[in-house]
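Pasting the structures here.
Each of the two complexes below includes subunit A, the first together with subunit B, the second together with subunit C.
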Partner chain A sequence: MHIMEGYLDPMWCAVWFVVMIPFFVVGVIKLRKILAEHPEQKMTVALSGAFIFLLSSLKLPSVTGSSSHPTGTGIAVVFYGVGVCSVLATIVLLFQALLLAHGGFTTLGANCVSMGIIGPLCGLVLWKLIRKANAGVFISMFVAAAIADLMTYVVTAIQMTLNVVTSTGADFASSFIDFMSVYAVTQIPLAIVEGLVLAMFAQYLSTAKPEIFGIADENKLNPFSTEV
Partner chain B sequence: MDELAYSSRMVDWAPLGKLLLVMCLLIVGLITESIVVPMITFVIGILLMAYSTNMKIPLILSLAIGEAILIMIIGSGMISIMGDPNEPALWEGQILWFKIHMTATSFNKAWIIFIRAIAGVTLMLSFASSTPIPHLAQAFRSLHFPSEITELIVLIYRYAFLLLERFLVMIDAAQCRLGYNGSLTAMRSYGGAMAGTFIFSMEMAEKSEAALACRNYNGYFPIYRPPRKMSVMWPIVAIGSAVVLYVFGLYSVGWIDMQQIFAPLFGW
Partner chain C sequence: MKNSTMYIVGFAIIAVLVVGTLLLVPGEFGGSDDSGGQAAESYGYEPWTGNWMENLGFELPGETESFLFAVQAAIGAVIIGYFIGMLNARRQANASKDSEA
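After this line comes the complex of A and B, so read on.
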């Protein structure tokens, strides 16, 4: 879903950077607190980032000026919240732009808003709701990861539609339908696979390290909460 | 990539200077409406990449570039067919559910976006192929970025490749067991490999934490030969070239009209 370098007009690049920055700053503050209070979490945070990098590098070209791939943000957002997820996503997006020509520097803000903020936030909301209904870890993680993935693509489609509408004067509704319908072909199966994979992993963790879900359930939904 | 970067002829250039130059060229290509400016930044990117790598680009990187270009072609094509419905169409029709309305504006816009994207790839890769990640982290540290972030940059980079290696081993193992015989089995194998990779990564995290602690790791990976600091020449060159290109861009709008070039070919 990474939008390529040069695709967005300067105005939209700036807008998405402005949206991203507060989440990123709060994420850095929260990350510093987590690492100061739980230094042993450093490796797990780094591995969550590496896992996002790995999954989101498995891309399929999509007929939209973008690509389809799993996002891998479900685990990071459930464990550490939206702020930290946005920091991890930014680092990963920077690497992908540099090393794989996937995404770009000027589109970093837009890509971070979709993959690191709004998509994971939707996943986290559903995780909280389903866990409150006493559902198991497997179902909760499946829904959270799949929705985080799907919402990432919805947001990307909106970003690309807004850009096309302002730059070529295209019709919003028909452009959005075009972008969404093309993404749906590859992304719905990918989201289900990603949901299943992360659910399998969460199931394993719930038996091997059950305490980690205690931390995840206490995580605040509010992205601007700096409480650990 | 690090191997390529350490052997680059540009490895001794200041990382922050290179980053500033790349950012300035990317931004100037984006803010000018002239297609000539992204063409120039593309040429600069190619020249820098050629100088940096001596044109010895590894196959895996070439494949990544090829895939990125494919996505760019498709993306630009998508923009070209989403023109303003009030403008006269060069090409109109419907394929499946896509309504096609290609106008002169959308066609030219698609071309400028394509050239910007290609220029972006060459510029970013010229930077990446000459800057090892520890140098980049060191550069961020010199800008007083939070130490946790610079540390995470290095750790994520290291773990990403370890995980990738492990993931490919699991994929190969699944293939040896006919794990891709049928779509459902393939999906299960793929899922199993991903879950297995993350489970392995948890074990690896514990081991590497202990290993780093044994080597007195306190959140900083020392560099034997630190990269050069940015001299005053870098901002002058970077901002100066951006200003020159921007001014040139103002005068060169409309020099190249892609719709006119392609008109005889498509009968527009």
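After this line comes the complex of A and C, so read on.
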């Protein structure tokens, strides 16, 4: 889902930064509150970031004949919400842009909106809905993580489509189908893999440290809530 | 379903999806990020800048790139491993306390 440097017009780079900034600021405020008021949760925050670091570094083959990588944002968004997830995703995106020239600085806002905000928000909505229906941790995390992953790539396809439509006058429908087939279709099996990995870890947590899901249950769906 | 069965089934599905894809699907498995850029170029879009390394006339060797991706994965894996180790140590300590009591 990394949009490379130069592949978004400066206008779109600015638009996506403007969208990203409020979520990021709320995330920083919430993260500071968590670390100050609940220092015992430092390790869980680190764990949430660790899954993004680990999974987003793995390039996996897909049935379309190309490869892509999971996002690993499911744990972070379920436990700490969209704001904190956007901060953790930005750290990983900066690491990749700086050291690997993968993604980019001008496209950081767009990449954060897809991987750290909208994709995870979709996953969190489903987590809340499925948990309300009294489903177990395994199935709830599977759906949340897989949808967060898949929607990240759908958002990237939308971002690329809007960019080519406004800059080249391309037809919206045909370019959207093209970008969806490049990003989202490739991602379907990988989203299933990511969903399974995080669901198995959540299942492990539910037996090893069940009280940890109290954090997830208290986590608010509202992305602008700084309540901890 | 027992946890151990769940893990076995989960890892088996992951193995089938990843290894099965490698074995059965023809393709060079180039990155979808690059394919996205190519799709934009097919509509006549020209990137207005390159990445900062290209702009400085420097190209990251493939081996170094792989190494840095491995470093990224290792940072994540070490933290997850530490967390699991810490949980297991606490559970063992609690279990031994209970047996002493």
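Operating definition for what follows: the second predicted complex is superposed on the first by the 218 of 228 C-alpha atoms of A that agree within 3 Å, B and C clash if a C-alpha of one lies under 4 Å from a C-alpha of the other, contacts with A are read in each partner's own complex, and residues count from 1 in each chain.
The working rule: a contact is a pair of C-beta atoms (placed from the backbone, for glycine too) under 8 Å apart; a residue touches a chain by one contact, two chains touch by 3 or more.
Just so you know, these numbers come straight off a predicted model, no measurement behind them.
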| item | value |
| --- | --- |
| Subunit C versus subunit B on the shared subunit A, clash or fit after superposition | clash |
| Partner chain(s) touched by A:32 [first = subunit B, second = subunit C, both, neither] | first |
| Touching partner for A:196 - first (subunit B), second (subunit C), both, neither | both |
| Partner chain(s) touched by A:100 [first = subunit B, second = subunit C, both, neither] | both |
| Touching partner for A:121 - first (subunit B), second (subunit C), both, neither | neither |
| Which superposed partner A:207 touches (first subunit B, second subunit C, both, neither) | second |
| First (subunit B), second (subunit C), both or neither touched by A:76 | neither |
| Contacts of A:87 with subunit B and subunit C, given as first, second, both or neither | first |
| First, second, both or neither for A:55, with subunit B first and subunit C second | both |
| Touched partner set for A:45, first subunit B, second subunit C, both or neither | first |
| Part of subunit B, among the options 132-140, 168-176 or 186-194, whose backbone runs into subunit C after overlay | 186-194 |
| Interface residues of subunit A shared between complexes with subunit B and subunit C | 4-7, 9-10, 43, 46-47, 49-51, 53-55, 57, 59, 61-67, 92, 95, 97, 99-102, 104-106, 164, 167-168, 170, 175, 178, 193, 196-197, 200, 204, 208-209 |
| Subunit A partner contacts - residues on subunit B that touch it in the complex | 1, 22-23, 26-27, 29-31, 38, 64-65, 67-68, 70-72, 74-76, 78-79, 82-87, 97-99, 101, 103, 105-106, 109, 113, 115-117, 119-121, 124-125, 127-128, 146, 148-149, 151-153, 155-157, 159-160, 162-164, 167, 187, 190-192, 194-195, 197-199, 201-202, 204-206, 208-209 |
| Complex contact set, residues of subunit A against subunit B | 4-7, 9-10, 13, 28, 31-32, 35, 40, 42-47, 49-51, 53-55, 57, 59, 61-67, 75, 87-88, 91-92, 94-95, 97-102, 104-106, 164, 167-171, 174-175, 177-178, 181, 193, 196-197, 200-201, 204-205, 208-209 |
| Residues of subunit C defined as touching subunit A within the complex | 3, 6-7, 10-11, 13-14, 17-18, 21-22, 25-37, 39-40, 42-45, 47-54, 60, 65, 68-70, 72-73, 75-80, 83-84, 86-88, 91 |
| Residues of subunit A touching subunit C in the complex | 1-7, 9-10, 43, 46-47, 49-68, 72, 92, 95-97, 99-106, 138, 153, 156, 160, 163-164, 167-168, 170, 175, 178-179, 182-183, 186-187, 189, 192-193, 196-197, 199-200, 203-204, 207-209 |
